[in-house]
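Only one structure is covered here, and it is reproduced in the block below.
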């Protein structure tokens, strides 16, 4: 098996720092995969990416050292199997609100006898090595998302599900579900985050969360150990806005210049 | 015809500020096209983009207000015609070293009687309006690149070529051609830039140049009136490197956290 | 939010006239999107289109004024969320046969508290405006299809489902389900259509239907207020058949012509 | 070798009737290829099509009986070889203005000793049969376009070029080149067409031309024997405009209908 | 309807010999489709193929005579309908473990009154003929996979499901489910295969299985009547490994050769 | 710079063994790139591959250790620069018949002062290292093809061209050019091969040739030091034909089997 910085960080208890891909392109995937993040996640849920684009993106990510991660569009067996066969080593599963849904996510991502994943690791095995199918259950992470009030209410049962080693908080949806809106800073919201971290620690599960560069230090200090700092598109747009300002603000030399026509 | 901020800036004598697309994706094109640049250039020469990807990128650029610009891979009639038919309103032509090559570039981009562009504006006409074919010669910019010692020696003849309204300096290649290397800051290099600007002003031609955020203020102050500040990939990578540092530098809360396994 | 002719027609009580995309191409999408229809539907169920092709098609549709509509392959949460995030403003959901299925379709397309759509409008928000997420529930139409005997039997319960503002009849499947076959003109079939219209009017819901140019006047006169007249492929094929006849029927000049070899 | 209706029409002296593909899609190619035209041309010059899209389009055309034809973007050896290797049986070469350019087009499309086409018919040979490479020179048509005043002046020399069995008039460009504009009906323009037909007949070369449904009968009566009646996009758009009128003109039933909100 | 060698073999009781596509390419599909197999299966479950790639692959398969078969990723109505509409004539459905799941697979692939497949055979009907929709239920094969202990336990109920004419054994998953591992040769495994064949014969259902060239004779002798011998990727890789050995083993002539620099 | 087995073999005087890609797919490229060949060539001339497909193929090849090689469609500056920027470390240039054409190929692939390649190694530099642009001229191989009588006549002048370190014989075209046909075994043909090898040795240039598994031992013994043994498609088809025979030849068990219907 290739090195897996996401799992290494989990084992070491240090924060796994990640970035996020929303653009359906193997070119951006190769570039992001070489920046040095512990993991890079291909977002098939809210990113503009489907399986057809994901395959060359996973190939491009294999050129770098980050753990190839995929968020699937939904908790469904077909797509969970397909992204694992194509080489994803971690799968983020959205909208896991109950222990039953957590158990479904786990079994869909693991081979028998633990789970019901169908055997056919067409790219994963040549990539990771001939023993892939034998050891995949010990190396692949299936990571449920916690993003509703219901999920928080069921947090202990979800965290107690066998083979749940990490969870990933979706703060936007959680804020909306709590009736506080997107980007809320309400104390009850950070209380919920702290509660999740505390229960994760109690269960020996890694708490993860989607963040921004601004809020990342707070999230890490708060105890999150798997943090996405930013995304391909946000990074690009932020820098391009700044660059445009530089162009607009530059002082123009008037000597000689005039209209071009 | 739709608004054309590149030409409006040319006419006003104000700097046209641009960005640059190297990623073959309509998703990044739409995002970059909405930042507010005067022009956005699809780079078919050094970008990882070919015609097949360029078409949906030009469609995406039409959703924003920037002038859709394309750098073709080489000074060839087939591809110059194809990018114009697909809706490009400005074409940057690399490695124009002589007046003859400038004349070739111009004629390949213009309809008879001025040029020899073949008629078939399959997307340009529905996009720009029913009079497109009649007025295209007055609205499309064919912009030769100045990027060798030979081109600088021939600068007056190139600038005197009819319908050359702007040129675009390739500083990397020019530095290499001068034996100074990429990213040179040798005074003879900036002297060459100043000479180009001076001759442009003398001919009533807009001087353009490829830049970086750091060097853009100098280039504009030096008299350039068409400046690319940065590219999609550079912007993305720069911001992602910064974001990773934020994650790595965050202070970790030790309470309760431990290895996940 | 951008103008939405489909909803404007619904509000005005005038027939919303639509066309239909079965070809996986942003080129045909741009052309059809500029003809002037109130809405244009990307058909992911029976069209030869999947999500990968749909994204540039929605980008192309944004260049025109028609309401970007998508028929999803099935009533599933993953794909309903993905097409909305990519910018669809109306979603047609096939095979809604019960009030429970209608409620599922609605909740999958709406944010909390009404629904369970996950938050991440990656293209919809930049396109429609910064308040998109706040007002999406009031602007997005989730439109169940009525296409089985069972659905007709449950029509009142389906129409009474909160946030069902329109339904769309699939006449082929309805005819088959009634045992009358495709393209039936049996009076019991048109009686069923009239019944659906009548119940829609009773519930204040817009009745929609898939049609052909030949049958469109009848459908509108019968009370349907959302009518697809034809599709990209049908339009193209019909006209090409006529054009071939013109070529075959032309009188040949015999003077001078002979075999070419 | 498979049947080749284009060549069969040439041999019989009957008009070869064709259609034209501008959309980069194997779906539209399959549909158009099954209408019954003698030839269908993939337009890589003014169509929105490049080689990457052309390959599955040629595969789709092989499902029908029309002669697979390609217009290359320019008279260049690389692309002429590539489209023939992929299975094109006729190649239309734009902007052939002199006998030298006609000779270049022919040699680029034919194997030694007549030409310099490189050997590697990767799809053409499995498709057409094991003797393809031996007989290709006798079955492939390389068809120069006549679309400038210069080409008309050189018409006899072009027509006398060995292996020029047909030419194809580009009326838009020819009108522009004559200073008469696109879509001209000036008598001097039709005189030029008649002159081309007359010289073709004198040389035993098939005269071809791009047309519209309206003008096709005139062109055939005038002696053209290879006529493109319409294109995929024109056909689709024409029919969709008519269909929209049907929807708009339908009489609305007022009973019971009202605004939906 | 076109010839269907898979069904012809079923009817004749002779083994249907198949190959398998894992590469998302219409080029490999055309090549494999012309080798002469009775059926060729596009594998959307473990192959690196999604719907977007599958459409041109089915077009390419139509150029050959093999029955176009698709393995869907999962037993879901949306994708089963889509692959049939695109022209698949047989659908292999993974992980059918109960009679209820078999019944679901059948109904999702058949029109009313037997099933609930939605009507819209956009490519299947032009390809197979105008009576496609009327006779599809009699020509399309929906083939459940038997690949778990649970499925073997339920084998009689599955085989007794109306319209199950063939089943397809997944030996890898079956071995894992039996706790014997992939590629097992344990007698209890071959006993299970013999039991499946025996029950198939008793029910008049064709037993199929995934195989390798080495094991194919055994499987056929054992009574399987639908056997996939190998896949596109396995075939390619196997031959390339051999070819490399030939190159490495060749005797080098030493005369005159030396380092190139 | 990454390891470059092609150049290492050149330096060591051992045969560089290669394979060849004709399928436009990153999936086949990854598989072939992991077999262990010294170099793998993406064939843009006769393969069904264009630049759009080539980029993810070069990404996939970077996952293996073979030297990424590209055959360009023709000796043109635009495409030679593009494939190098995308990461090709060797470029095979077809139809180089004169020393002038060899010099053109070399200068198009090398930076100033030796050549005129434009600077912008967008993928090559991140892949190969920050010094790429400084040392590329010493690491990139531009390899002219010898495939006509004219090229053989000019062989000494071609081999004497500075920076020609290897040539590649196209035996099909050479046989045709010699009037001997494809696949000739005429002694005058092998004499020509021996002559080419002898002149290469005299000039210190590596002789390369396109081969088959059958003929590879002879070619290596004859002195060729860069040999392509087979291609993706040939390998796949050869093995599939054998596999089909295995299926057809298997003995059928008659017990219990019968027609399925």
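We just call them A, B, C, D, E and F in the order they show up, numbering each chain from 1.
Here is the rule we go by: a residue touches a chain if its C-beta (ideal position, glycine included) is under 8 Å from a C-beta of that chain, and two chains touch if they have at least 3 such contacts.
On a predicted model such as this, the values are computed, not experimentally measured, just so you know.
Enquirer: Applying the touch definition from the top, give me the chains sitting in contact with each of subunit D and subunit E.
Expert: Where subunit D and subunit E share a partner, that partner set is C, F.
Enquirer: Which chain has its C-alpha centre farthest away from the C-alpha centre of subunit C?
Expert: F
Enquirer: How far is the middle of subunit B from the middle of subunit E, if each middle is the mean of its Cα atoms, in Å?
Expert: 50
Enquirer: Distance between subunit C and subunit E based on Cα centroids, please, to the nearest Å.
Expert: 34
Enquirer: Would you pick out the residues of subunit C that each touch at least 2 other chains?
Expert: 22, 24, 27, 31, 48, 50-52, 55, 76, 79, 123, 233
Enquirer: Report the complete set of touching chain pairs.
Expert: So, checking each combination of chains, I get A-B, A-C, A-E, A-F, B-C, B-D, B-F, C-D, C-E, D-E, D-F, E-F as the touching pairs.
Enquirer: For subunit A, which residues are in contact with subunit F within the complex?
Expert: Per the stated touch rule, the residues are 26-27, 30-31, 34, 55-56, 59-60, 62-63, 123, 126-127.
Enquirer: Help me check something: in the complex, which residues belonging to subunit B touch subunit D?
Expert: It comes out as residues 50-52, 55, 76-79, 81-82, 85-86, 111-113, 116, 118-123, 133.
Enquirer: In the complex formed with subunit D, which residues of subunit F make contact?
Expert: 22, 24, 45-48, 50-53, 72-74, 76, 79, 94-95, 147-148, 170, 172-173, 176-177, 179, 182, 233
Enquirer: Show me the residue ranges of subunit A that touch subunit B in the complex, using the header's touch definition.
Expert: It comes out as residues 10-15, 17, 19, 22-25, 27-28, 31-32, 35-37, 48, 165-166, 197-198, 201-202, 204-206, 213, 216-217, 219-223, 225, 227, 229-230, 232-244, 246-253, 255-261.
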